[in-house]
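Okay, got some structures for you below.
Below, chain A partners chain B and then partners chain C, in two separate complexes.
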Partner chain A sequence: MKDIAIVSFAQSDCVRNAGAKNEVELIMPVIKSALGAAGLSTAQDVDFTCSGSCDYQQGAAFAFVLGVDALGAVPPIKESHVEMDAAWALYEAILKIRMGHADSALVYGFGKSSPGELPTVLSQQLDPYYLAPLWVDTVSLAAMQARMMLDQGVMEEADMAAVVARSRRNALANNPHAQLKGEVAVEQLLAEETWVSPLRKHDCCPVSDGASAMVLCTVEKAREWGKPYAVISGIDHRIETHNLGARDLTRSVSTEQAAAVAGVSDGAIEVAEIYAPYSHQEIILTRALGLGSETVVNPSGGVLAGNLMMASGLSRIGEVAQRIINGDIKRGLAHATSGPCLQHNLVTVLEAA
Partner chain B sequence: MSEEREMITGIEVPIYLKYHFTAGEATARFLSQVRQGKLVGQRCPSCNNVYLPPRGSCAACGVATTEEVEVADKCTVESFTIVYIPIPGNPIQPPYVIANLIPDGANISFIHLLSECDNDTVHRGQRVQAVWKPQEEWDYAMDNIRYFKPLDEPDVPSESIGKVPVTGWEV
Partner chain C sequence: MSQPELLSQDFELGFTYTRSTGPVVGRFLTDLRDRIIVGIKGSDGKVYVPPMEYDPVTAEELSEFVEVGQSGEVVSWCWVKEPRDSHPSAVPFAWALIKLDGADVPMVHVLRASAESEVSTGMRVTARWAEETRGFITDIDGFVAAGDES
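Then we have the complex of A and B:
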């Protein structure tokens, strides 16, 4: 099987409202930057392009098709799209390369969530007969999950606040693209009122607009281009039932399984970038991934510092890949999630060449 | 237990989602100039094609378009169709002509109505000009132009369609 390398990554700032910018205007700068870092200029220079986005976010039908205007797709290119986080667009690109249909690929994701009411919009991803008609929003579902964990004694509110305090601190130190950052004490956070009990507003990721992009290729191609790269040594994703009542919401079985197949425990994990939209979910995921104190979790601040729906999962992978490309670390993992209460999870292990 | 149950063939699940939709920076700029009665496209810095309406990028080259170019309201018919079927909610009575039009000074077509014309003789290469609404009715919309009507000018040959300068068509 061909080894696959990530050679470049670019992400926009996470902003609460990108204003008048449309999908093309959001995507173009990160695509240009990711291609440029790989020594390329347009999508013509790679064999395959795949994107991740969801039209429900900005309320514009077929917005992902208009996004192709950012690519320079004349003459026509090989192109695909997932109505998911772009971490899964990366997964599709990996399959394409492994099957021998491409040696290089551009992957990008974008989200403009500001035009709608995101938690309500996301209620429409639930099962259409029982749950979607009830309009259960994602924050309420996450709150029920957190309540279950508190009542079972698997965490305390101070543990959740500690996740938030670390996110804000890491974002301040390491992430120029972050929307929320700063020094804040656990006691300060606990003094705030609950929003959707037991969640306080800071336990929930912000709503953000923006995009991210990545160039990957076979290791042979990366050597040919003469670019430093990070190797994807393992990747797997698993999905759980849409019936929330049939799941143990206090753990993430799908993450445990994906981590085992991706080979997380085959070596030390220096850095883990985890897609946890709510503070308590980072606690679930750190446990599911079997991470200990030797791992730095979410040095970027994670998505509590800024959440580009449909690009955040790709950005987690990019955050780890970039640290390997820069020579800061040798081995790390990235996690992406989709669906309510961590329904669907993807784990990627990245290593230095 | 042999009681027959009514087959459920559908359920009603209304969806109401509210959005503050934005057209995009380039399109918003275009619409604000249409409100002033001007057609302003954007030029690709790479291939020099002028797009109208602009979307902020050259779809062919994949680069941002920033240079604004005012084009004429005189156009050449690139293609057309005659609509005979009534479309629900559309106030226009069939048959009517919808055409791909390329304004003088632009290279890419947009779609608008042709009227005050003989439907049987509409043709590719035909010269047409905008018929604007009265200025006090102008809004952020392309229907500030009611329709396009034929001009008494010679046709543009096939190979020159989309290459007419903003100064117009001279034989």
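Then we have the complex of A and C:
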């Protein structure tokens, strides 16, 4: 099986409202930047392109097709899309390369959440008979998950606030694209009122507009291009039942399974970028991934600092890959999630060449 | 040149089909219309409410229905201070995971209470039916503290 390399990554700023900019205008700069860093100029220069986005955000069937306008798809290109976070578009591109149908690929994800009310929009992706007619929103489902953890004593509210304080601090130090950043004390956070109790507003990721993009290829191709790269040494994704009541919401079984297959424990993890849209979920995930104090978790601030719905999973992988490409670290992991209360999880292990 | 005749047509956006809910979801919803709550037995012997069509562990087709109680226990909950326009309550309320008597798996529904301080994990609650039941999950208007159902 051919080893696969990530050669470049680009992400936009996370902004609450991109205003008049449409999706194509959000995508074009990151595609140009990712292709440029790989020494390429257009989507014609790779064998395959795959994107991740959600039609519910635009409120129209096949809305993702408009995104193709950002590529310059004439003459025709080989192109695909997943109605998922672009981390799964990366997964599709990896399969395409492993099958020998491509040697290089461009992957991008985009989301403009500002025109709608995101938690309400996402409520309509739940079970169509048992949940969607109640309009139960994703923040409320996460809040019930947090309550279970508090009730069972597996964490305290101060642990949640500590996650938020570290996210804001890391974003301030390391992430020019972050929407929320700053020095804030745990006591200060705990003094705030609850929003959807037991969650406070700061326990929830912000709603952001933006996009990210990545170029990957076989290791042979990366050498041919003469570019530094990060090797994907393991990747796996697992999903749990859609019945929330049937899951143990205080842990993430699917993350544990994906981490085992991806080979997380085969070596030291220097940096982990984790897609935890709510503070308590970072606690669930660091435990599921078996991470200890030797790992720096979410140096970018993670998605509590800015959440590009449908691109943030790809960005987690890009954040780790970029650190390896820059020569800052040798081995790290990235996690992406999808669905309510961490239903579906993808784990990627990245290593230096 | 004469003015061309403008063609116009009324257009109503909608889905011009009906969808069958099948033998499992359909049975549950039909029973709700009759103010009865049923679950289904999984391969592990657990009673799932609402019933699942396929076993969450083995993916086997399920068919053994079990009528469950209309009261139960709050397994977890959250308090919605600022209801959204789409929410089934204009005033603050709780969402709850409720394990009905006779069920092993909790279901998500509305818990109506006048203040957050009246809600707690483990509290007993009872279903309150909508005035008119039509075969929807919303036939249960919500749950209330046991003893407050009238």
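The rule we apply is simple: the second predicted complex is superposed on the first by the 351 of 353 C-alpha atoms of A that agree within 3 Å, B and C clash if a C-alpha of one lies under 4 Å from a C-alpha of the other, contacts with A are read in each partner's own complex, and residues count from 1 in each chain.
Keep this in mind: a residue touches a chain if its C-beta (ideal position, glycine included) is under 8 Å from a C-beta of that chain, and two chains touch if they have at least 3 such contacts.
Predicted, not measured: the structure shown is a model, and the values here were computed from it.
Peer 1: Could you say whether A:199 touches chain B, chain C, both of them, or neither, answering first, second, both or neither?
Peer 2: The answer is second: A:199 touches chain C but not chain B.
Peer 1: Using the superposition on chain A described above, determine whether A:43 touches chain B (first), chain C (second), both, or neither.
Peer 2: Touch partner of A:43: chain B, not chain C.
Peer 1: Once the shared chain is lined up, is A:117 touching chain B (first), chain C (second), both, or neither of them?
Peer 2: Both partners, chain B and chain C.
Peer 1: Who does A:131 touch here: chain B (first), chain C (second), both, or neither?
Peer 2: The answer is second: A:131 touches chain C but not chain B.
Peer 1: Counting only touches as set out at the top, which of chain B and chain C does A:144 meet: first, second, both, neither?
Peer 2: In the superposition, A:144 touches chain C alone.
Peer 1: Do any residues of chain A touch both chain B and chain C, and if so, which are they?
Peer 2: 117, 120, 129, 133
Peer 1: Spell out the part of chain C that touches chain A in their complex, as residue ranges.
Peer 2: Counting only chain C, the residues touching chain A are 21, 25, 29, 46, 48, 50, 52, 56, 75-82, 84-88, 95-97, 99, 105-110, 116, 121, 136-138.
Peer 1: Could you list, by residue number, the parts of chain B that touch chain A in their complex?
Peer 2: 11, 13, 15, 17-28, 55-64
Peer 1: Can you name the residues of chain A that touch chain C in the complex?
Peer 2: 117, 119-120, 123, 129-131, 133-137, 140-141, 143-148, 151, 194-199, 241, 243-246, 249
Peer 1: If we count contacts the way the header does, which residues on chain A are in touch with chain B in the complex?
Peer 2: Contact set of chain A toward chain B: 19-22, 24-25, 28, 31, 42-43, 56, 58-60, 66, 68-74, 114-117, 120-121, 124, 128-129, 132-133.
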